[in-house]
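Below you'll find the structures, each written out as structure tokens.
Two complexes, one shared chain (chain A), two partners (chain B, chain C).
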Partner chain A sequence: MPASRRLPAAGALLVLIGAAIAAVPALVSDFVLLQIVIKSLWLGIAGTSLAFLIGQAGLISLAQTAVFGASGYLMAILVLDHGLTIWAAVAAAVAAGPVAGLVIGAISRRSSDLYLMMLTLAIGVFTFFFAQQYQPITRGHTGFNGFDAPLLFGADLSERKPLFYVSAVAAVAVVALFRLVMRTPAGLAFRGLRDNRDRLQALGYSTSATTISAFAVSGFAAGVGGVISVWYNGAISPGSIDITRIIELLIVVTIGGTIRIEGAFLGALVVTLLRNYANDYTNRTETLVGAAFMAIVLLSRHGLLGILLNLKSLAPKALRFFRGQRMASEKEAVA
Partner chain B sequence: MKTTGTGQQTKATLLPLRVEKVSRSFGGLQAVDQVSFTLSVGERLAILGPNGAGKSTLFNLVCGDLAADSGRCYLRGEDVTGLPLHHRVRRGLARTYQTSSVFAGLTVGEHLMLAHRGPEKGRLSLWTRRAIQSQAADQARNLAEQVGLEGRFGVQGSELSHGELRQLEVAMALAAEPFIILLDEPAAGLSPAERERLTALLLSLQTSVAVVLVEHDMDVALTVADRVIVLESGRLIAEGSPEEIEADPLVRAVYLGEQHGQPQESAS
Partner chain C sequence: MRPRNSKLLWRLLAFLAMFTLIVSACGNDDSSDDGAPTAAPEATAAAEPTAAATAAPTAASTDTSSDEADTTPRTQGITIGAISTLDGPFAALGDFSMHGVKLALLEYGGQLEGTDTRDSVSGASVAGVPIELVIEGSDATPDVAVEATRKMVEQDNADIIIGPLSGDEGLALKDYIRDIPDVTLVNGTSASQDLTLRDPAANVFRFGGDGAMWTFGVGTYAYEELGHRRIATIAEDYSYPYDQVGAVLTEFCAAGGTVTDRIWVPLGTQDYSSFVAQIPDDVDAVFFAMGGTDAINFVKQYDEFTGQAIPLIAGPTAVDQSVLAELGDRAEGLVSSGPVVDDSGLSEFDAFAARLDEVFPGQTPNIFNIYYYIATKSALQALEEVGADISDGSRAFQAALAGQSWTTPIGPVFLDDKRQAVVDMYLRQVQDGSQVTIRTLPQVNATLGFDRDDYIAKGSFSRENPPCG
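Then we have the complex of A and B:
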């Protein structure tokens, strides 16, 4: 009975999202579309992988850039060094995301909290150094340049509008996929892991298997983000996955908020806006990003999304408050 | 599954639990010393003893939260001595915790679904099968009603009262459809009315389920139990029906005498 009601609602939502996506290129300048919107989309897609891990499974990972890099590098290597056709390389790169997630999950399956952060930080930094120093495979610190984004149904993805549409559809698909996963038995087990590891184990679940599974699922989004970033930049280098990128991803999801995975897009938008426009007013952009990060952490436990959701729940509360006042004054009048 | 003794026994008639001479020490303290007991199908066994007698240690040895120094433990004839808790749970054992331990962000319904899937193969499935899902949801709803959590189905763990958390603990154990349930002081901190309700619930459990109960509250323990074992300083000092245990002078000296000035009334 809820399914039949949910279906038209989901259809309506898709139409609405589709219309919004179609309208964006007409509403913003070419510069904003490329520098802000598309960048926020792929950064946000990568961010959802971390937002999912933190918000759903309680696993704070600093190795999502490693997954991002694994997919991006794999695609570049397969096309530029091995002459594979682009879409085959894309498929391999997207598949590499969950596989890389699986490997990271397997390494850190017994860790949680601070130890998990340290372990995944080591993996993230290791991956960076591997990319920078293992020249025969990764071309060292220059990385891969001159990567041509593919054609899709005749549309060149190195152009703004087609790339925007593909990124937007990918973002919607990634969010939809995460939401589906959240409704599965595994999705419930992830939240169990987040709330109470020991109790989950006492119910018959292996916390190791649950951790590995969560990392694998999250790896998909990081992989997709990595692929689109290479189309966007036409390049990938160790700089794409260095320590500043690890921190950037953490800032993105913290600013956005992890209670909903969609918060990552909000965070990505804020970070991208600050990076682009703060330059006009100050040359201390990074200080500003840091200040915004601290302000939001101090103001809201759940980032910007938390503030927005609070506003949403405040409105009916305020309404009730005023209604209550009126009723009280009416009662007084009666008395 | 390995069966000991006659090969013709079906799963349902196998001895749910057999504990053979298990021991465990912590440093110089012998917490559990060569304790043996068995549990037959549908039996309700209470473990009694004064504070520090080794009840909780024995309980944790049986469910696998602690490893035994020596001795063996069998579930339905299968040796599970070296297996950790989650593997014993998958074989049909369920336990509750003395201090309620729940998931703050999950609803009562989600707790029960999570517990229900624990022993199943599809517990980490990335595919939702609607028929199974709705069946599990119905079962969870019935269970919530059975333990008195009806109307709290969609409430998050962090919002529940102490009494409701205790009820949820028991409901989660039942949700897994185990053949043996270990209850660690399920009545701890409950009001008299809530105790009565819990006692009624425990009495109403299907006879296919065997129950091991560690309980400080004598009313609950002696009403529910068919058989009682009494521990003192890690050793089993008495075993028998609730009436026999109440009448046992040794037991009264070490335990009942300390806790209560006079013999308790027993409902059975």
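Then we have the complex of A and C:
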């Protein structure tokens, strides 16, 4: 499609997304807006960082909560312990995401597959224990409580609607950024890493540099997710980045599907809904989440998004099928 | 084309799927831990839940939203929301807590809807007003506790929250509930001092002790009666054990004793050999403050390494009735202080124990079922006093709650002006697997008898605080 035709299309899409975002608060209750929608948004934003790594670069990382926690903790520490102004702390925290990604990428640049998972799991768990034990910086097990979300153009982000709009805009921005990166030559190199490491190397690319950059790019989203999660919770503690949360992020991404990074939001929504409402009906919420995860892995390799996309490709076929039927019956009538 | 690698990825994900299912089904997240011990395994088995449908009692949902309740007279019932740790490392303790909540509601005409932990109690009423119970669980992390509570308040229109179980959950809920003055939080077993001591919230009530109060008396006893002069402490490295060690040292050092080492172990430590090796030979006793499996592992290894050559003094939950059976003979003779003893002779205690065993066969009193029972019963009694009318934004109810003074299964309780209980503690010793009273410590308050301003000015207990010789 030539660029001249793509621009209006992109514009129309943006308007459509904007309208949808604007409509949400009117459609759902305050509770759902906060605990389902906003939670899904920040969990989804953090999820996109993993969806990007898995889906684009073929790197299954269990260290994304470490990045998430680094940003969240940094913001809380700068504001509550060092009295920095909130937006300076936010800027630092968001910048910390890619930096943490760089570090994690540098540590794990030579590994892939199972070894990468073990290495990143170690990093994720290390970060948890650091937060739990290193009191002078992290306040230990209790962590930081009573964090007030900032004001933005006079709107208090501890209120639900403003927080929702900011989260939604952040989600769109993160997705747009990822899509932009995916179109660059670097994005192609990431996919090369996923599809055939040896060949990528044979072509003269450095797999180490590519891995590090992929982690750095993904770190941005994890950092943004971490910052919004602290606004949402008003707190951060080791419990926000423990092994349960590490697995949860993986579940989110797998349920959503990694074929498109947007799948993370779908996965986050499903997990959040399950966590909130499943225990009205069963005592086994965790088992249900695990079973949903397994079912998705076994039935649809691209997650729920894969199923939806399949439906989409089925729709024209079905349409053609019915149209064929009608034409056939019309023919019959004529005959 | 994505041949080999994506297939491998796929296998990894499938492998992870199995791993996740196992992890999530067991709920054995031992990473987040707080203010309370893990329970004996047989208790877990006893409370094994079945996947029966829970009643979702959300019939009433019109006039209870916190902002509008002031104007409209209440025609529907009052909703009590109970929160405890129903998932994660303390799931068994969550079951104990809910036993306590339900027992209290049964006294008000309620009937169990099922044997499951999440099964509610129906038919209870106070002053003719039906009382509904909704139950939510956390996994002992503050984030999840706030979300679960928010769901009960906003979705189920809960007017009164009973819980939570662990210390840092309590602090997080205090921050949340403070902004919703019409809703009342009656603490379960969260033992964090600062739930009520520093920066209290007007709608938060605690009818039990905190970590320091539970440990009251044992420092003085160790110095004066047992004749100890130098002790070492070994405890888990977070706020709840800080409170216990802090309380012991505050008294022990004031009496003239000294502490040689304060050893802090990470939560969930399995191998205590290197920590036991740090305990000096020339101390008179070792105070240990741990919970659940940590306490079990530590006592076992300490016993094996040293034969308890240097006597142990226990923290309150390290030898709670919920872990005593698991500790077995190794716990014999251990001295501690704490809120629950088995031989108090209080008719209220015996009645509670009998009723507990009758409704939930095989269950015995421990700190969790008793504390949640006391919290729920206090709330129900206060409701009765105001005719179950909370249409004034719970003002009268909260005033009545603050004025509660009654004899609980573990002795008399009343609240101070910060809505923190003044309660009896017991200096006790393990004999034949039960807690036997050495001495009753009447009316222990939040500042352990010290001047309030002085006590608060000393700062929260920490790794180094209080300082001591």
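In this section, the second predicted complex is superposed on the first by the 316 of 335 C-alpha atoms of A that agree within 3 Å, B and C clash if a C-alpha of one lies under 4 Å from a C-alpha of the other, contacts with A are read in each partner's own complex, and residues count from 1 in each chain.
Basically, a residue touches a chain if its C-beta (ideal position, glycine included) is under 8 Å from a C-beta of that chain, and two chains touch if they have at least 3 such contacts.
What you are looking at is a predicted structure, and each value in this text was computed from that prediction instead of being measured.
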After the superposition on A, what does A:129 contact: first (chain B), second (chain C), both or neither?
second
Give the label of whichever partner, chain B or chain C, reaches more residues of chain A.
C
Applying the touch criterion given at the start, work out whether A:301 contacts chain B, chain C, both or neither, answering first, second, both or neither.
second
Looking at the overlay, does A:156 come into contact with chain B only (first), chain C only (second), both, or neither?
neither
In the overlay, answer first, second, both or neither for which of chain B and chain C A:81 touches.
neither
Just checking: does A:282 make contact with chain B only, chain C only, both, or neither of them? Give me first, second, both or neither.
second
Tell me the contact category for A:54 with respect to chain B and chain C: first, second, both or neither.
second
Is A:199 contacted by the first partner chain B, the second partner chain C, both or neither?
first
In chain A, both chain B and chain C touch residues 194-196
Residues on chain C engaged by chain A in the complex (per definition of touch):
1-6, 8-10, 12-14, 16-18, 20-21, 23-25, 27, 29, 31-34, 49-54, 56, 86-88, 116-118, 136-137, 139-144, 146-147, 150-151, 154-155, 168, 171-172, 175-176, 237-239, 266-267, 462-463
Per the touch rule, the chain B residues reaching chain A in their complex are 65, 84-86, 89-90, 95, 97, 101-106, 110, 113-115, 117-119, 122-128, 130, 157, 172, 176
Residue numbers on chain A that touch chain C, as the complex places them:
29-31, 34-35, 39, 54, 58, 60, 113-114, 117, 128-129, 132-133, 135, 140-143, 145-146, 194-197, 233-235, 237-240, 242-244, 247, 250-251, 254, 275-276, 279-287, 289-291, 293-294, 297-298, 301
Contact footprint of chain B on chain A as seen in their complex
3, 181, 183-186, 188-189, 191-192, 194-196, 198-206, 209-210, 213, 217
